[in-house]
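Think of it as A, B, C and D in the order they're written, each chain with its own count starting at 1.
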Amino acid sequence: MNKQETLEAQYSKILQEYMNNQSEQALYAAQQFSRTALAKKVPPEEIISLQKNAMQQLMPDLSPEVWHSFDILLEVMTAYGFAFREHQSLLDTQKELKNEMEIASNVQDTLLGTSVPTVDGLEIGALSVPAKQMNGDYYHFVHDGDHSVNVAIADVIGKGIPAALCMSMIKYAMDSLPEYRKDPSAVLESLNRVVEQNVDDSMFITMFYGMYELRSNILHFASAGHEPGFFYRGKDKEFLDLEARGLLLGVDKNTKYKRYEQAVEVGDMIILMSDGVTECRTDEGFIERETLISYINEYIELPPQEIVNKIFRDLERLQHFQLRDDFTIIILKRTK
Amino acid sequence: MEIQSCVSILNEWDIVAARQLGRNVAKELGFGTVDQARITTAISELARNIYLYAGEGQLCIDRLNENGKAGLRIIALDKGPGIPDIRKVMEDGFSTSGGLGAGLPGVRRLMDDFNIDSNPGEGTDIRATKWLR
Amino acid sequence: MNKQETLEAQYSKILQEYMNNQSEQALYAAQQFSRTALAKKVPPEEIISLQKNAMQQLMPDLSPEVWHSFDILLEVMTAYGFAFREHQSLLDTQKELKNEMEIASNVQDTLLGTSVPTVDGLEIGALSVPAKQMNGDYYHFVHDGDHSVNVAIADVIGKGIPAALCMSMIKYAMDSLPEYRKDPSAVLESLNRVVEQNVDDSMFITMFYGMYELRSNILHFASAGHEPGFFYRGKDKEFLDLEARGLLLGVDKNTKYKRYEQAVEVGDMIILMSDGVTECRTDEGFIERETLISYINEYIELPPQEIVNKIFRDLERLQHFQLRDDFTIIILKRTK
Amino acid sequence: MEIQSCVSILNEWDIVAARQLGRNVAKELGFGTVDQARITTAISELARNIYLYAGEGQLCIDRLNENGKAGLRIIALDKGPGIPDIRKVMEDGFSTSGGLGAGLPGVRRLMDDFNIDSNPGEGTDIRATKWLR
């Protein structure tokens, strides 16, 4: 198609060709034409006018009734033009919003930023992927010299922007509580008070807080209603639930959190996650924790970071690439 | 130079009369059939808004001629309840009329100029212009 | 129109009527028809098919060429159907996002919540309206018993969600600094360190912090690059700039902020605002501070809350109801 | 019961051949003209994607018959570079083809079923089905 040709001439030529031979070729040309017209934002009522003009040119002797009938089609398509124009405007709005969300998600990354610590004898893998642009899951590491590696994993009930707003507060609160950092129950108890005071009544947060003592190789942990993790015993090749009881953050400001312990041997792994991992909805319903274990088992010999990457890829595919919830998984493996 | 004709909007038939008036003026001024359809569609929306939300009002058509450029202005006037939140009704995607993309933002996009003035309790004044190209 | 009729029968009836008399009435019926069709999400290619079928019924003897020509129109409109269907989907996304933003904006209100203090001898008005759903402006009052009323007004460079994320951190930081609360320069200096550390390099915040001493009736204040307020001297009926110099928060962690003073007499007013008030773009360009003063002057005898409400209404109208920036204005008036 | 015919996609003319194949099968199965247009439009998009992004591939048409329900399945196969981020290409409003609302999300909405499988470096397998009503 010659670019200098007007849309009118192009349309007329396509119509004429099709009237001569009814070829698929001409229909394909019509589709290509529509691509150009859409790119030029030609509204649909304009297309009706092109059709009518081309027909008048090619079949000038048709009865006036035929031309009248186009007035009705034009009227209807002008109303469809409303939707067409609104579409343009929505696309612009959406582009702007996407852009804003991208900036926000960068701000969030900076605000919530944490880095996976490098510790002799401990391999760590971590991955967190938001379902939408903003993440309502959160994890945080604190490497306290020779003493311990602390890990927090949290999930706001709710997704997207509201959840992200909450999380930035939690992060700030965690940073403001250095003196309690070492004790999981004390950490959850103070965060609980912050959430209860600052966040509105319909927002709750689940959190798992663990302190891995490097000298004794004991994991001390507490949970505020968070999805239970797994403890993988390397010697027996078996998975156990890392069960811990405790109320969600933000329900009752006087909640106490019990502290649990787990001794960790060489080859053992601590697997933490958010409910977005287990509540991965597939064609056959949610996957079971059993199914998840079988996925992890497949990659059990790989380094933790590779395990978490591969599990995400598999579960993403199972869900046809549409995450319903934020997805976070962390693995700590004692290697010596 | 403005020559103005008006139709009172009291019932649904008056919407048709307003459309007819607008179409006649548009034809006279030399607007093509596509623009005629756009102008009458905009008139329909505005007249229907008066009928539905204000109960009664007026729809007027101005013939414009500015520096040799001809144009048509639709004026929709009512003394109805007014629009409490104009920012809201000018938002996309939430037309009260149920028409996809219709409502006031739709009318604004169909025309070249669009102005709205409304005070709660005092009524609404909407002016929308299309210029002949 | 009978609701039991199929779309096809309705369309055919409208077309027939129009072919008989070419009335505006029939065209109006066609527009009403399109309203129904759009509400039923009938895609545009279906309308072409309705037109063709109705014509075949009403004018069965037209030449085959006429019917062939509709194949081209159908092909083009099927591609327009892409846009139509995407529009439905965008509307759904947008509804979801709006909903999310509304929740977020409620979360923000709870997180940032402040109430205007009631103080004998001081009348206060405050109004903050976001340009989009989320507010990147912020104000905060602290009423410190008999001692003072403190007021902060801040503006993140940037709008919408990213700005809102930043503000929730600032609020949290302000709440964590009770011991410095009384000294404007110290407040700005500590907030500056928080912003510098936690926020990414492209985000800056302007802030005005004022402490109104109730016994001496002196306003102590400092500013981090914030839009200067006005001081209205009731006795002379004149407006003065409340000028204060200082770098934006987040630029340099060692920034020092100078503390200024203004004695306030009965009838005087302190008028604080964000740049969204002065950078209100109208058909004639931005309004001048002079113009703003003339607006304020019109309402000068009213209570502060009414003044700020009326100024917002006027400036909103001037901008054709499209705010380009978040809008915040605060007025403190000494009444005795 | 599946009977499959294929067209190799190497150049733009093959897109027309694929469309023709799809239209013939659709007609035989008894799809109306509107659905024929939808099916060929979907074929166009998928064949064009192969031509533009993979260089070469195959477009096959299956005749389906499940529990007495007839249907047509389009299968687009290539051994091209694959799609690195499937979540991204399935998003609205950001079609790489430039066509408003077209691209893979557009095809998914035109058809009744849609499945995509793609691995970087291994190619892409897209299946889209329309059932006769």
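Here is the rule we go by: a contact is a pair of C-beta atoms (placed from the backbone, for glycine too) under 8 Å apart; a residue touches a chain by one contact, two chains touch by 3 or more.
Predicted model only: the values in this text are computed from it and were never measured.
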| More contacting C-beta pairs: C-D or A-D? | C-D
| field | Between chain C and chain A, distance of the C-alpha-averaged centres to the nearest whole Å | value | 27
| field | Distance between chain centroids, defined by C-alpha means - chain A, chain B (Å) | value | 44
| said: Residues touching two or more other chains, restricted to chain C: which are they? | reply: 27, 31, 35, 38, 71, 75, 78-79, 82-84, 86-87, 90-91, 93-94
| task | Identify all positions of chain B at which a residue touches two or more other chains, and write them in rising order. | result | 40-41, 92-93, 99-102
| query | Quick one: do these chains touch in a line, a ring, a star, all-to-all (complete), or other? | reply | other
| note | Contacting chain pairs, sorted by label, are A-B, A-C, A-D, B-C, C-D
| request: State the interface residues of chain A toward chain D in the complex, per the touch definition above. | output: 24-25, 27-28, 31, 35, 38-39, 87, 91, 94-95, 316, 320-323
| Okay, in this complex, where on chain B does chain C touch? | 15-16, 19-20, 23, 40-41, 44, 86-87, 90, 92-93, 97-102, 115-116
| Residues of chain C that touch chain D when the two form their complex | 45-46, 49, 71, 74-75, 78-79, 81-87, 89-90, 93
| query | Can you name the residues of chain B that touch chain A in the complex? | reply | 32-34, 37-38, 40-41, 92-93, 99-102, 105-106, 109-110
| query | Which residues of chain C touch chain A in their complex? | reply | 14-15, 18-19, 22, 26-27, 30-31, 33-35, 37-38, 44, 47-48, 51, 54-55, 58-59, 62-63, 65-66, 68-69, 71-73, 75-80, 82-84, 86-87, 90-91, 93-94, 97, 100-101, 103-104, 106-108, 110-111, 134, 158-162, 164-166, 168-169, 172-173, 176, 198-200, 203
